[in-house]
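Next come two complexes built around subunit A: one with subunit B, the other with subunit C.
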Partner chain A sequence: MRQSTLLALESFQTILKALIFVAIFGVAISTRLFSVIRFESIIHEFDPWFNFRATKYLVSHSFYEFLNWFDDRTWYPLGRVTGGTLYPGLMTTSGAIWHILRKIGLPIDIRNICVLLAPAFSGFTAWATYEFTKELKDSSAGLLAAAFMAIAPGYISRSVAGSYDNEAIAITLLMVTFMFWIKAQKTGSVLHSTLAALFYFYMVSAWGGYVFITNLIPLHVFILILMGRYQSKLYTAYTTWYAIGTLASMQIPFVGFLPIRSNDHMAALGVFGLIQIVALGDYIKSQVSSERFRVVMMISLALIISVGISGLFLLTYMGYIAPWTGRFYSLWDTNYAKIHIPIIASVSEHQPPAWPSFFFDNQFLIWLFPAGVFLLFLELKDEHVFVLAYSVLCSYFAGVMIRLMLTLTPIICVTGAIAISKLFDIYMDFSVLLPSKPVNEIKPIETKDDVKESAALSEEDDDYEADLALDYEPSSKARWFDVAAKAIVSSTFLVYLFIFVYHCTYVTSNFYSSPSVVMPSQNPDGSVALIDDFREAYYWLRMNTAEDAKVAAWWDYGYQIGGMADRTTLVDNNTWNNTHIAIVGKAMSSPEEKAYEILKAHDVDYVLVVFGGALGYSGDDLNKFLWMVRISEGIWPEEVKERNFFTDKGEYRVDSQATKTMKDSLMYKLSYHDFPSIYPNGVGQDRTRNQKITVNDVGPLDYFEEVFTSEIWLVRIYKLKSPDALGRDHGEAATFDRTLQSGVKKRVVKKPTLELRV
Partner chain B sequence: MLRRMRAALALFVMLFAAVNALSGDSVNTLVIYDQRVTDLENYTKFFKSLKESSYDKSSNQREYRVQFAAVNNGDAELLQLYRNDDKLYDNLIIFPLKTRQISKEISTAKLLEFYKDGGDILAVTSPEGLVEPVRLFLNELGIYPSPKNAVLKNFNEDGPSSKHQISIANSVNKYVYDGTEELNLEYDGSSALLDNGEYIVEILRAPRESVCKNTNSKEEDWSVGSQGHLIAGFQSLTNARTTWVGSSSFFDDEHYSANGAFIEELTKWAFSEKSVIRSVGATHNHASGASYEEIPYKIKDEVVYEIGLSIWDGKKWAPFSADDVQFELRLVDPYYRLTLSPGRVTEDTQYYTTGTFKLPDHHGMFTFLTEYKRSGLSFVTESDTRAIRHLANDEYPRSYEITNSWVYLTAIGSVIISFILFVVFFIASSKNIPVDSVKKQQ
Partner chain C sequence: MRFGTIFAALFVWYMTFVNAISNKKLLELSKKGGNVIRLNSKNYEKILNTPRKSDIVVFFTATSPQFSCTLCLEMGPSYDVVANSWFSDHANGISKQLEEHGVFFAKADFDTESKQLFSQFQLNSVPAFFVLKAGGKSISDVERITVATELGANHLHFLADTIKQVVQVPDLIVYEPINWGSSITTIVVVAVVTVIFKKYSSTVFNILTLRPLWGIVCSFSIITLVAGAMFIRIRGTPYSGVSSDRKSIVYFLEGQLQNQYAIESQIMTVLYSVLASSFIGLICVAPYIQKWYKNKKQYNRAAMVNFSLALFFTASIYIFYSALIAVFALKNTGYPFKLFKNPLK
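On to the complex of A and B.
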């Protein structure tokens, strides 16, 4: 009887679980579709535009061509070895999906596949989180974690429809790799660790953040060894994972020999060596098992570690191992980037986050996170050590760089789910209301009792409920208190959960669903208006300029110009060449004639600037201008000086009090050219910086001519004048034209002061 | 809508054809003069030479359709260079003008526009007549004629005489006058200072013992010795030419017997009849003959670059020979600068080639550039930007082709073999089941 009840429960559970998963998938995908509904099926932001362009290249060329793609439309005139400097995982994934769908007779536009890839993968992330959490606690915690993962804004921020970025699939792969690692580490199964290595390889092919896995798994192993928890299972799991994973990762052209040459990967190699020694020591110990062994062990360990570390230093010093990268240093010292590598500091997602953003991205999970970690600490199984290491590392990293909030979110979801599920295990357990039965009576279902039919099952259910009614004991007051306390606690948490869902939906729909290519704003009557200046400008470039025209713009817009306007750019968001970016920065911060010279030397035809003054858009080029100055000052400290762009009082001003250097700079002129004159009295109101610009502030523009200004003046495009036919400087020629027009005549002809003709 | 556009297009084509027909065979030339300074009767030989060449019989008849317009004489109708934005003339000759302005229509800006549009200008000034727009225009080019009343004199001679016998040795540009005939030019007028502009063509220098100054005022001398120039030219980037001559009597019938041969060459140069070269196009391809379109370039490929140049000999295009044509392969900075050697010759073109050369070991967007700019010759610029790609993943030599790697390959091979041997021996040698596994089974 009981067994059959349990069987029924079991199958009911399976169905319920399946239903829950369907719901989680549904929620995960649908909540990410806000952007498509609010706006349209469009690729978002900046980097996705490159990924999209690369994907289009992949589906229109062979994989071989993609792998060896030399992109002559970016980083003019250097070009970019794109095939060798990208993580191809994302493009190959959507390329493969595109090909498969075509094979089965579903030809879908590649753009739609790219737009919807991130939502599709978020469902798998939820599943992987479930499996991961299940290994840590049980399946109920797993389900909670999966649900959290599906809707946590910290993850949604990088995976809404249209956010076609590496992170879109990388987080999924991260969780799958970790899940297989935990399984491998628990069981010592070669299969699981091979799977972990394969997914690690996939991760390496998809995102530079793979280094996180490369360091976290060795750290886990290292801590376990230090804790004296070495087992042969651990040896099998780690060595299998490391050998296969490393060899596989070296097949990605962009990674190449980094795993044995870069310091970021040395921890994994070191632990790989260490575990061999530990294994040997373990073997010797089992053979010798004497007191002496300990002494030998300690000495040899100290020796090995010191030799290893000094070897590392020596090899780094001699240049065989690449030193730590700048991005790595900036993880430890938040001021490092600001001083040494302004280009990294200039990226907003590399800034430290404000504290409220932790709550914003994770809501109540952020305070359940420590509770979950604490609960795991109490138990401290081998796999819990992994979660602890992960939590500690990632909390720090997320505190340094807002972008790494993304890697913190999964572990917050997992630990938060564990905390809640532990709480519910106790407080949702209303079995006191059931007839008291010793728990140990329940035994695992055995197969021989599998005779019950579905009809019988329903009878059993009736019996069960009848049992409930019969064994009800209302007499005990204590039991009532117990029930009341549980009801209060659990209902409180249910309310929290409800608010969490509400918060997630609200944040997703209002903050994380904007494509940033198209911006929402409000009409005076409150209705939504879309600001579509970017696409307007890019489309203008596409339709009105020569196919091989070169466009100079600050690097932020490089990928978009490449993707939407299909024109050659000087610099883009790949930022691999700081000097080249500094050249554009120098041109922007130099006076017109110097800028013209620099740009002409690089065959530039058009200059594109983003100007938010008319609209009040704060992300415009004048606000980024100081970074341009800083980056170029880093290369030419003699020619560009940041101090000259500030007033004597140290203010960043663009109005009549702006410094001469500021007013002469190309960026200033291109931004404000003709701007004041559209206002009455010639006094323009810069709504971004809240300063007044008068006609007299903006000098004449002689070397460039305005060819396009978008509807709300957000994007302005200028053409470099072709060289003067008479070989004159454009400035001189324009001055001459102005004196002709003003009609001032000089009666007396004076002998010119000329240099000696050579 | 479409139909209307088509109609407009047809109209445009017709208009274009009409304009072409107007300026078709003959060269429209406007001569602006001032009756107070210039009597056209004195210049019959000069104007005749524009219609038919008297010296160089080999060249075909010149067909200048000359239009005369006098300032201050009711010719205002004729005194314009543009009608409805259409350029009316190919050439413009301005004789010394005493007026303040040329006309309402012809201002400094209009002269600049006409010149930038490709119109050739011959500006003749004299100590009596230097009109403001012409002066400003010449100043913009870097030619500074001496002001009114400043006269070129020989400082060895006192007295009013300002006539000079000028040896042809003072003619400095062989593309204007090649100096085949010894001439003694007769010159009476002003001089000009030149600035350092790249596009200025020095034509005739002032004699070493000359000085140009206004004897009536105490201003400093305008030019001394060969610092001054009597005739100067300018060639713009559009290959339009401006020629300044500081004397109107240089052209008149009285001096034509002495100056005629030079004047003819000078006007030929001024109105782009000679020293005009063109490129028939530059090509580059793999040394094997495959074009870039067939096989894109990669680093260290062997390629050949070739450019063909022709010169206009007055009747037809002929091969242009020179030994200083250079080719550059640039990526911001030049990676190669090769002097081209003459290759094959066709009826009208001389081809120059680099021969086979190796592309640099650097990928990027390289510009194949020939910039042939010689003072006096028209400018030729041919540039083509192409990508040079990196080596593909399978274009590097295989590991076993590199002898250095044999050491490592042997190491790998021996490790693999010894591991397999170890496993085989281990399995073969252990007769008993290990104790551990027995335990595990229990």
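On to the complex of A and C.
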């Protein structure tokens, strides 16, 4: 009888868990579909367009052709060794899915696979988070963590449908790797650590952020050793993971020999060496007396550390080991990027986030997070050390760079879930209400489900649980107070959880679901209008220009031009060559004739600028202009000077008070060409910068001709004039024409007054 | 008429001869003000509105707290460093490479005594820099220079570069002062720590291995980080602001998700800390006390105390969480959720 009840309960739990998982998967996917429903199935933003283009190349060519892909349509005239400089994980994943679906008779357009890849993977992330949290506490905390992970806006921001970016699968792989690592570290199982290494390899192939794992796992091991918690299990887990993981990661062309040559990876290697020594020490310790061992250990430790560090410095100095990368430096020395590498500082996702961003992305989990960290400290099992190191380190990183909020979100969900589940363990236990006998009966069921957990429970908890099970007969008054306390606490937290769900939906639907290629806007009557100028312009380029035409635009639009217009670009979002970007920046900030010279030298046919003044779009080129100036000033400090673009009062102005350098610059002229004349009285209102532009402010455009301006003037395309038929300089020719015309004008100044014909 | 012109010209010539400010006089004034000449409405005519043989750099600032000009406060010390560096190389203020060519530094702080001077230069924003070039004859012979000003940046670097460029004196070298204060503090702290460690090694070891202590340190550092501490450090944001009508102090940059004042982080740190500790109170403190009473077999009291503690912590979480959401609604205008509705409104 009892056995059958147990079985029934157990199967009921399994079914319930399965149902919960189905629900979590459903929520994770459907909440990410706002963008598809509101707009259409379209690739978002900038980088995804490159990934999409590369995926298309992969499915139309062989895998080896893909790895050897030299792209001559970007970074003109240099080209880019694309196959060797990308992380192929994302493209191969969607390529594989595409092939499999075709094999089973479901041919699906590659675009739809790319668009829906991120939502699909978010479901797996939730599952990995469940397994991860289960190792830390129990399955109820795991389910909460999975649910949080499925809807936390911090993760959704990079995984909505259409956000076909490396992060879309990288966060899944991050959590799976960590999950297997925790299992391996707990059990010392070679299988688990091999799996961790394989998923680490997958992660390396998918995202540059793999360095985070490369450093976090060694840090975990290092702290455990420092705490004196070395075990042979740890040795097995770490050495297996490191050996297989490193060898595997070196198979990625872009990574190559970095794991043994770059400082970013040295910590992992150092800990690998350290753990060998510790293992040896452990062995010696079991053989010799402890007194002697202490002396041996002290001396050898000091020796090893000093030799290691000086060796590292020497090798770096001699150039065998590459120093840390610029992005890495800018994490520690927060002013580094601003002074040395403006291109990194210029990217908006490398800015530090203000506090509302944290709350925005995690809502009430943000204050449960430190509470959860504290609660883990009270237990401090080996695997908790991992979570603690992760939490502290990643809070710092996320505080420095807003994009790293993405890696912080999983651990916030995990610790928040642990905190909430601890609360519910205490305050949702209404077993007092039941007659005392069933209490004793239910208890063993729960423990049977997680035998390992209860065995590992610390002493206090055991006491506490034993206390709960004490079969005393409380008075009805005491019982009433107990139940009331529990009801109040758990109901308020249920309300908070409820609000959390609404918050997440609100944030996702209002802030994280815009494709940024198509922008929503409102008509005067309140109905939704779509601003589709970007695609309009790119399709114009695609249809009306020569197939080998070269388009110069600021690097932000490089991937989109390549993906949507299929035209050759000078620079793109890959930003591998600072000088090349500076060339475009210099052309944009130089006077027309000089810019023409520079652009002609690079065989450019068209120049594309994004101008938000007519619409009030703040992300336009004039607002990014200072970065162009700064980046080119970094290369040619004598020719381009940021100060000349500011007025005497140090203001950035574009109206009549703008400096001469500003008004002469190509960017200014291309943006405002003919702009004031569309307004009555010739006074244009720049709605982005709230300044008035008059006809007199905008000089004539002599070397370029306007060929296209999109509907709301968001994108403007100019053609470089072909050489003058008489061999004159364009500037001279235009001045000559103007004087001629002004002469003509004087003659025909009297126009006959025409009667209005009815 | 013609005679008058000649006379006037002669007079001006004569006056320049008599009134021209000598480098010696400038040096004297500089020494009096600690290498920087203090300008006010009374003395500026004499110093600036006369023919000169040296470059005079003028720095307009407003350091009084009522203007809350953070940039002025940040620029001031850098300006002093440039002036001090110049005088440490050139005791008399005259360049060693250019004959008779001096550089002097002046500063005007906005207050009632310098109002006239500020209106003379038609200033409506500070900090501002002007250079009166050597050989100039009057106060209108002036060039405004723009220094790339950004909060929290390395101002000395920008300022020194700009002044060097404008003044064009080859031997103007800026010496960054070594921060002795911090080095001494470090040394003292290290020494004290070592001594304590040596003397009470077992106690220190016990404290260092105290888990709750580590927990508090880690949780608190996480709280400060997620409350935007790094943002303030990197951007060097002002502590608080002034409302647009300049009548009241503003603590929150309303409607801006990507920007904040320094005080906002402090408020957030307090809110988060209270919330997190109330939560921990619910999980650790209340059950612990309940257990303590139960062990003493005082079941009724145990239930009562547990109930009141739970109520207390829940109330504190509710109050501070609704405050947090209200504050967030200030930053994110149109945020639709709230936990508390003011019944009076």
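Heads up, the rule we're going with is that the second predicted complex is superposed on the first by the 703 of 758 C-alpha atoms of A that agree within 3 Å, B and C clash if a C-alpha of one lies under 4 Å from a C-alpha of the other, contacts with A are read in each partner's own complex, and residues count from 1 in each chain.
Note that a residue touches a chain if its C-beta (ideal position, glycine included) is under 8 Å from a C-beta of that chain, and two chains touch if they have at least 3 such contacts.
Only a predicted model underlies this, so the values are computations on that prediction, with no experimental measurement involved.
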Subunit B versus subunit C as contact partner of A:A302, first or second or both or neither: neither
First, second, both or neither for A:L380, with subunit B first and subunit C second: second
Which of subunit B and subunit C A:A371 touches, first, second, both or neither: second
Partner chain(s) touched by A:P723 [first = subunit B, second = subunit C, both, neither]: first
Between subunit B and subunit C, more extensive residue contact with subunit A: C
Which of subunit B and subunit C A:Y496 touches, first, second, both or neither: second
First (subunit B), second (subunit C), both or neither touched by A:I100: neither
Touched partner set for A:K649, first subunit B, second subunit C, both or neither: second
Which superposed partner A:L78 touches (first subunit B, second subunit C, both, neither): first
Which of subunit B and subunit C A:V22 touches, first, second, both or neither: neither
Contacting residues of subunit B [partner subunit A, same complex]: 107-109, 112, 115-116, 132, 135-136, 139-141, 144, 147, 193-199, 202, 219-220, 222, 234, 236-238, 240, 331-332, 363-367, 385, 387, 389-390, 392-393
List of subunit A residues in touch with subunit B within their complex: 64, 67-68, 70, 72, 76-79, 81, 84, 253, 548, 601-603, 723-728, 733, 736-737, 740, 745, 749, 751-752, 754-755, 757-758
Footprint of subunit A on subunit C - complex, ascending: 125, 144, 146-149, 153-154, 162, 211-212, 214-216, 218-223, 225-231, 233-235, 256-260, 264-265, 268, 271-273, 275-277, 279-280, 282-284, 286-287, 291, 294, 299-300, 302-304, 306-307, 310-311, 313-314, 317-318, 321, 324, 328, 331-332, 336-337, 339
Residues of subunit A touching subunit C in the complex: 334-335, 338-339, 351-360, 364, 366-371, 373-378, 380, 388, 391-392, 395-396, 398-400, 419, 422-423, 426-427, 463-464, 467, 470, 472, 474-475, 477-482, 484-486, 488-489, 492, 496, 499, 502-503, 506, 642-643, 646-650
